[in-house]
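Following this line, the structures themselves.
In the two complexes below, subunit A is the common chain; its partner is subunit B in one and subunit C in the other.
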Partner chain A sequence: MSSRIPLIVCLVAGLIMFLQYFSAHPVARAMFNQVNDWWQIIFAFTLFVGVAAFMNNSMRAIRRGKERPFKTVSLLALISMPLLAIIGGTKIGSPFLWTFDNLQAPMQATVFSLLAFFVASASFRGFRARNLQATILLVAALIVLLGRMPIMAYLSDTIPELTYWIQDYPSMAARRAILIGIGLGSMTTALRVILGLERTYLRGQ
Partner chain B sequence: MDWGAVAAGLLTLAIYSFLYRDNPVYKFAESLLIGLSIGYALVTFWQTAILDKLVYPLFSHGQLLLIVPLLLGLMMFSRFSRRLGWLSRIPLALMIGAGAGSAIPAMLYERTLRQVSNSIQPLVTAGGQFNFSGLVVLVGLLSTLAYFYFSREHKGFLGSFAKIGTYFMMIFFGATFGYTVMSRMSTLIGRVDFLLTDFLHYLK
Partner chain C sequence: MRTSSLRLIVLFAVILPLSSFLIASPIIAADSPQTETAWFDRRTLPALIASLVSIAAVLYAVWVIGRKKHLFIREIPGLKAVEEAVGRATEMGTAIVFTPGYGGDIQRPTTIASMNILSNVAEKTASYDCRLIYPTHDPVIMAVAQEVVKEGYIKAGYPDRYNPDDIFYISSSQFGYAAAVDGIISRTRPASVFLLGTFEAESLIMAETGNAIGAIQIAGTDSTIQLAFFIVACDYTLIGEELFAASGYLTNDRVILSTVKAQDILKLLIAVFVLVAVIWSTLNPSSDWWKF
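Coming up: the complex of A and B.
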């Protein structure tokens, strides 16, 4: 019972979404849109479950005194966003958007840019021309790095042109082969999930 | 004074303090970012999914069929109960099944057929010129696919051809790496520009 119902639901939902692709009938389109809307509603509820679990874990950690100040900051920040949205709305100029624009977005961009240092440090340690493959990797990376620098366009057209050629042809060829592999693998896994052969989401039952 | 720029500048510096080592100032900014991000997602999903797709259509337009996703969504909360926890598998199964069902045609078209069709280019152009780049794409695609073909041992012609595939993959990894580094660098330049212009007012 605990695994049979989910398997039937999975099969039916999977077949509906698969078969609608072969029909342009308005009923099939409407069904597709309906399932998509349901999907988004249920996804929102899963997010709320995740938030509830996060709050529960944070509260437990605060009670135990484990990283209390940081967990408190997380919890207060989490609560503050819905509160700001309730009090001042979410339109342009609202406190909610001010918090997003001036606190969240700059921090996200900074964390993203922080990776530049780690990638540079990792490449300095990892890039060694030990064999032919490693040399090709190193040369391709260097050409693209140089070709993407604005100053190279002033010095010569050769490196930027070579960069675009590498990205558009040899690199694209390997990328396409990998994408084909991913596509075939994803289709196989999706089919296994619909047929109930892949049951990881049921904890293997 | 632009308090937004001051707050953004201080938090930017707090995150960059991690370059020295893990410290309480960084941890404060990290915790704040985690909380704000979750809170933002919560508000966004509440508005776009719950209000727009569930509450308004159900209560204002009387679309009673929406009771089904409402119940399924509420079932997700059964995860907190040991006895009723299995109920949360039903909405999860619907999401996974629907996702898998729509993934099959999408993957077949976007990831497989379109990639194959885009790779088939004429090797001799209308003007009678040899298309070297087209040949590179064809050899690169086939040799990389040969590398991932595991039904036969990589010996002889297949082994040599698959080896060429590894060279193409190295070019791909190298080019992707270079591109990623440059995208991160441009973000870094953006942050430094913000610090020097809007926060410290050194540059105008």
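Coming up: the complex of A and C.
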């Protein structure tokens, strides 16, 4: 019984959301918007659960002396940002916005910028001509890289044209084959969940 | 493939292009003015037909193919390596890190597929007494993952080994999450890293960090852009539908395996449809019934 109710809820919700897609009636549109609004509300409340679990976990780790410096910094950041917003507001010139602009945003940009170095190291490993396929990949990558350089357009039309051909035909064909597989996989997974065949999310009951 | 399956495939192969041609094409071409308040939006007719054919194929697979004695699914190296990854971590006495990525929430099929693999990994880590760390960016995913892992430990017969503190929420900020997972990987130096779920720009940051510490990495996602990064940085990558077949492949559940067979039927139908459309448009270049 404990798993039957969630399965029925899942089936009904899944069917309603499936059917509303095929309707342009204002009632169907309103229902879709209503469900989306409810989802936002539920998600906002789950954030409290997440933050509470994070604080609980961090405090326990600090007490045990496990990763103390990292957990302390995380907890201080978690507490200070909302406090600054409550005390000083979020307008221009407020301490909250100053902290966001000068600490949080640069830290996020720093992590994002690591991507450039990781792309370089991954490309170095990936583009080694070990066999025929890897050599084809290497040559294709070189052509695309060269064709994307603005200066190549002044030197020759061939390489930029070849670049677009590689991107529009062989690359696109491979991508579409993968996308069809992903689409079908997503659809059957969704159907399995709606029909109650897939129950891992219900502890497999 | 059995005669009955072939008959059905041929039937669908005829139904799909013909029904699309006979029904959808005139309606779309007519630029129907009344669609704003109708209970049925006629512009969605091709999608409805495709959906019904897909549902029929899945139901057929479950009821007919699922009853067959032998269900063959080709070997998927990435899923076969799950055992190896858990075994390696156990031998080395280190943890396993499993991340569902930043991009998805719980209603996304990729996240559900990743939960299915998590369930299997949790059973194995429970049996081998290996630590499983699961950091997430979404509190709902955290709650579901806790239940899934707990159930895995109960199934394996070691509920006492389950530690809810190892399945935790970090941050809803993309690079905050990526930095935290990188920190966890760098500090705990896990022997195995699972990157299965919906990934965005953080995919390569995490995969390269795992690669740098020499962890065995199994990855899979639904984004073709991030798949390219995973193929370069990880040992095993689940491409396309392989991620969604994991549940049936790992548990050998006949019902779920038969839905994987349904995907094959649908793939064949799409291939037939594309062929018919190509031939049709070659013979009659002004035709566009196949465009929707």
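Assume the second predicted complex is superposed on the first by the 179 of 205 C-alpha atoms of A that agree within 3 Å, B and C clash if a C-alpha of one lies under 4 Å from a C-alpha of the other, contacts with A are read in each partner's own complex, and residues count from 1 in each chain.
Basically, a residue touches a chain if its C-beta (ideal position, glycine included) is under 8 Å from a C-beta of that chain, and two chains touch if they have at least 3 such contacts.
Being a predicted model, the structure only gives us computed values, none of them experimental.
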First, second, both or neither for A:R175, with subunit B first and subunit C second: both
Partner chain(s) touched by A:F112 [first = subunit B, second = subunit C, both, neither]: both
Touched partner set for A:A153, first subunit B, second subunit C, both or neither: neither
Touching partner for A:I87 - first (subunit B), second (subunit C), both, neither: neither
Subunit B versus subunit C, judged by how many residues of subunit A each one touches: B
Partner chain in contact with A:S23 - subunit B first, subunit C second, else both or neither: second
A:I79 touches, of subunit B and subunit C: first, second, both or neither? first
Which of subunit B and subunit C A:V49 touches, first, second, both or neither: both
First (subunit B), second (subunit C), both or neither touched by A:S186: both
First (subunit B), second (subunit C), both or neither touched by A:A129: neither
Set of subunit A residues, in rising order, touched by both subunit B and subunit C: 18, 21, 43, 46-47, 49, 51, 54, 67, 70, 107-109, 111-112, 114-115, 119, 123, 175, 177-182, 184, 186-187, 189-191, 193, 201
In the complex with subunit A, residue positions of subunit C that touch it: 35-41, 44, 47-48, 51, 54-55, 58, 62, 105-106, 109-110, 112-113, 115-116, 119, 138-140, 142-144, 147-148, 150-151, 155, 165, 168-170, 172-176, 178-179, 182-183, 187, 201, 204-205, 207-208, 222, 224, 227, 229, 231-233, 239-245, 247, 255-256, 259-260, 262-263, 266-267, 270
Residue ranges of subunit A in contact with subunit C within the complex: 18, 21-26, 28, 43, 46-47, 49-51, 53-54, 57, 60-61, 67, 70, 107-109, 111-112, 114-115, 118-119, 121-123, 125-126, 175, 177-182, 184-193, 197-198, 200-201, 203-204
Subunit A-touching residues of subunit B, taken from the complex the two chains share: 3-5, 7-8, 11-12, 15-16, 18-19, 24, 27-43, 45-50, 53-54, 65-66, 68-70, 72-74, 76-77, 79-80, 86, 88-105, 107-108, 110-112, 115-116, 118-119, 133, 136-142, 144-145, 148, 165-182, 184-185, 187-188, 190-191, 194
Residue numbers on subunit A that touch subunit B, as the complex places them: 2-3, 5-7, 9-18, 21, 34-49, 51-52, 54, 67, 69-71, 73-82, 85, 90, 96, 98-104, 106-117, 119-120, 123, 132-134, 136-145, 148-149, 165-184, 186-187, 189-191, 193-194, 201-202
